[in-house]
Amino acid sequence: MPRTAVIAGVGPGLGESIARKFADEGCSVGLFARSEDYLDELAADLPGEALAVPTDLTDPDAIRAGFDAVREDLGPVDVLVNHASAGSWKGLLDASVEEFERAFHVNGRGAFVCSQEAVSDMLGQEGRGAEADQDDEAGGTIIFTGATSAVRGREGAIGFSAAKFAARGMAESMAREFGPEGVHVAHVVVDGQIRTPQARESDRPAHEFFDPDEIAETYWHLVEQDRSAWTLELDLRPHVEEF
Amino acid sequence: MPRTAVIAGVGPGLGESIARKFADEGCSVGLFARSEDYLDELAADLPGEALAVPTDLTDPDAIRAGFDAVREDLGPVDVLVNHASAGSWKGLLDASVEEFERAFHVNGRGAFVCSQEAVSDMLGQEGRGAEADQDDEAGGTIIFTGATSAVRGREGAIGFSAAKFAARGMAESMAREFGPEGVHVAHVVVDGQIRTPQARESDRPAHEFFDPDEIAETYWHLVEQDRSAWTLELDLRPHVEEF
Amino acid sequence: MPRTAVIAGVGPGLGESIARKFADEGCSVGLFARSEDYLDELAADLPGEALAVPTDLTDPDAIRAGFDAVREDLGPVDVLVNHASAGSWKGLLDASVEEFERAFHVNGRGAFVCSQEAVSDMLGQEGRGAEADQDDEAGGTIIFTGATSAVRGREGAIGFSAAKFAARGMAESMAREFGPEGVHVAHVVVDGQIRTPQARESDRPAHEFFDPDEIAETYWHLVEQDRSAWTLELDLRPHVEEF
Amino acid sequence: MPRTAVIAGVGPGLGESIARKFADEGCSVGLFARSEDYLDELAADLPGEALAVPTDLTDPDAIRAGFDAVREDLGPVDVLVNHASAGSWKGLLDASVEEFERAFHVNGRGAFVCSQEAVSDMLGQEGRGAEADQDDEAGGTIIFTGATSAVRGREGAIGFSAAKFAARGMAESMAREFGPEGVHVAHVVVDGQIRTPQARESDRPAHEFFDPDEIAETYWHLVEQDRSAWTLELDLRPHVEEF
């Protein structure tokens, strides 16, 4: 089944690896991020259909318009990756209310609106929804990119910790609400540093970093899991990472 | 040592029990909530000093003004209970963005601003802060009232789950940041229903509910814990509660 | 109500502090450990009734005989602290099967047999058991002394990790089984180093260690909690401990 | 790379599905269980090399002899699945010491000895061990089959809860010890009922059960994960399972 996937929060690193993997597996891909130039370039480089959707993920109306554009071009959404992340690394006394709240707007509220849009598609199509049984190709998959700070509040990163915890709580709530209707919700705790273009220039040995393409393999496995055996949460880390 | 305590989010039920217990133990108490009449009545009924602070906890400026009023009347804050809670019990597709966000404004952002104010007092006084050692009567205590939905995202309560998770992440972040400086941060997972005035009229047997006065005993124990042996998290439930 | 308490695994440090605190609060105390001389000295030093019960906690029959001795001298058991701990700090390839298993015999099987004996007493007395309601002085309290390795398997301590996890699983199972009958089961994650006589001679500053008397305060609070608001699990650590 | 895999505790249901999947992917498979007839039949039915190893997993010497047989026939072990499980479903007062301990002997001690044997192989071969870097095809994979009772102690199943917790603690300890050396340790929380031959005859609808072949897909994904992005723990459940 060809699928339409939205990656909300694409950038060089893991977001791009996910987009490439999903496109390689035959997905049409909607790419949401702020940088139009970057998205255009990436969309042009992917095999198959891809739509660049320059979007501010802190703006609910912009998100909704983005999903409309995806539906029109690529069809209803089957897969959503809530991948956007933001948060100043500041402690309680240094963070402003605006900085604290911005982390929540991206990680929490943005994912909330994206999920509303995606679940509507997943439940709304013929053969989907409450009547679906295990033989239908119905429902869909929503993956949240979590972080260590989603399970362990980090000193000096109060807004980020609050926002990543919030997203994990949302993921669990949604998994319980929509699992029986065929929507697979998963939360991935990404514990380690990703080998981004900048990281490649650091002095640390390469094997201390995640290879983002390898993380994307596990994201794809989550999409492919049969509804008879779904994962809600898993962690990922480089083999030398201390934890 | 007489202490000044702020209870942010007081109402009939647990908030009031905490206020009474802390007042009985000699605390001066600042009572934050929206209902002026209720607060005035409660303040008048408490032994010792108590200040009614009618406040909208979704308004950062109102919170700051409230702490100023407490400081002026009762002195710098030693104990804060982040007890306010809000959240419509709606699932992903039924909750509006405003409803989703409101839960975070009360449980998350409100607690963030209250904590900023309280920690400033706790670190700012003579003999407090980074130089404090274990012999000083320095620092303070911040207790978050959590819920089952802080550790297990609840179906059909997405905003509440996100907000209670967020508060737990904040509590952990703050505990790591300020523990070494003498500020004890604790998160209490309150798992069950509290015997409020309304609950007393239900048909369920009384022993299936929390007695809020008994919860308040454990809150006070957290305040009294010596810094040599602090609790970050504990759960509480009635002995017949399933979990 | 005067209570009879068994401390299984007493030694200089936390076990002794718990025994002293409980005796100070009016408990008759049964002291289980291998060293007869040490126990005799401690029993003589406690206020009120205390019974030294030299016991090998890896021997189920010896445990049962010990409880019989306590019953005869001090009456049925109201409080049990499963405090014994053992485990060689070895990794998978260095630990022998015997070493691996010994940790389980002390932390797991020993606590199992002690709990069987104690729960029988707690449920067996008049006014106790299934018919008990919240007004009865029935039931009892069982506290497990856990460790960081009960919630986070430690590298190079495989037997200890397995055994401390096992004890935590037992505690949860027992809490669910006997809570409704009035037996309060609690598991305390003790995360840090305790200021034992040896530790006092180390170069590390005193405030980096637990004061075991302060831990004992929280153990006593657990015993005193009303059944309307019980804690299953809490953590404890010195305020400067990293975690 | 053709791999040698040991499945410790094979039976109709998940164990067999894992064996078939791994054999389909080209593994030579060593099958450990007590029933010789069943193992012979299964071994004959698998594609590629398979060795039936009738073994009592509560007997350390028998386990060691079994691994020797595998090494001789199939070569050093690359993959181990600690899949054996046992435990009477009894509460504290009904379980005997022997029943309590037997659950640990299978889930805990048996997995300990199997892991000793497997890790020795994984570290012992040329190009493996401490010097291995991320380009080597070194190390191996050890998967523990966990259960809900590994993360939530179950009322009325004290021995099983203790044993499954213990295995989870071991898995974490081993992951931290051997991850840097290239051994991937993973713990799978299997939360639900598996569609075994008996379950197929029940009245419950098929989609309420796990399809064990689908669980096996995720086990294989864990084997295939690149060391740059390993999972320590994931859960699995049927999409309609309440949790």
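Read from first to last, the chains carry the letters A, B, C and D; within each, the first residue is number 1.
What we mean here is this: a residue touches a chain if its C-beta (ideal position, glycine included) is under 8 Å from a C-beta of that chain, and two chains touch if they have at least 3 such contacts.
Source: prediction; values computed, not measured.
K.L.:
Fit subunit A to subunit C on CA atoms, both being copies of the same sequence, and give the resulting rotation angle in degrees, nearest 5.
P.N.:
It is a rotation of 180 degrees, to the nearest 5.
K.L.:
If you tally contacting C-beta pairs, which comes out ahead, C-D or B-C? Let me know.
P.N.:
So, comparing the two chain pairs, more contacts are at C-D.
K.L.:
I'd like to verify one number: the distance from the centre of subunit A to the centre of subunit C, where each centre is the average of its C-alpha atoms, in whole angstrom.
P.N.:
45
K.L.:
How many Å are there between the centre of subunit C and the centre of subunit D, using C-alpha atoms for each centre?
P.N.:
Centre separation, subunit C to subunit D: 33 Å.
K.L.:
Going by the touch rule set out above, which residues of subunit D reach two or more other chains?
P.N.:
176
K.L.:
Linking chains that touch, what shape results: line, ring, star, complete or other?
P.N.:
Per interface graph, the chains form a ring.
K.L.:
Throw together a list of every chain pair that touches.
P.N.:
A-B, A-D, B-C, C-D
K.L.:
Hey, which residues of subunit D end up touching subunit C in the complex?
P.N.:
My answer: residues 60, 91-93, 95, 97, 100-101, 104, 108-109, 112-113, 115-116, 119-120, 149-150, 152-158, 161-178.
K.L.:
Using the touch rule from the top, collect the residues of subunit B that touch subunit C in their complex.
P.N.:
133-134, 176, 179-180, 182, 184, 206-207, 209-211, 214-215, 217-218, 221, 224-243
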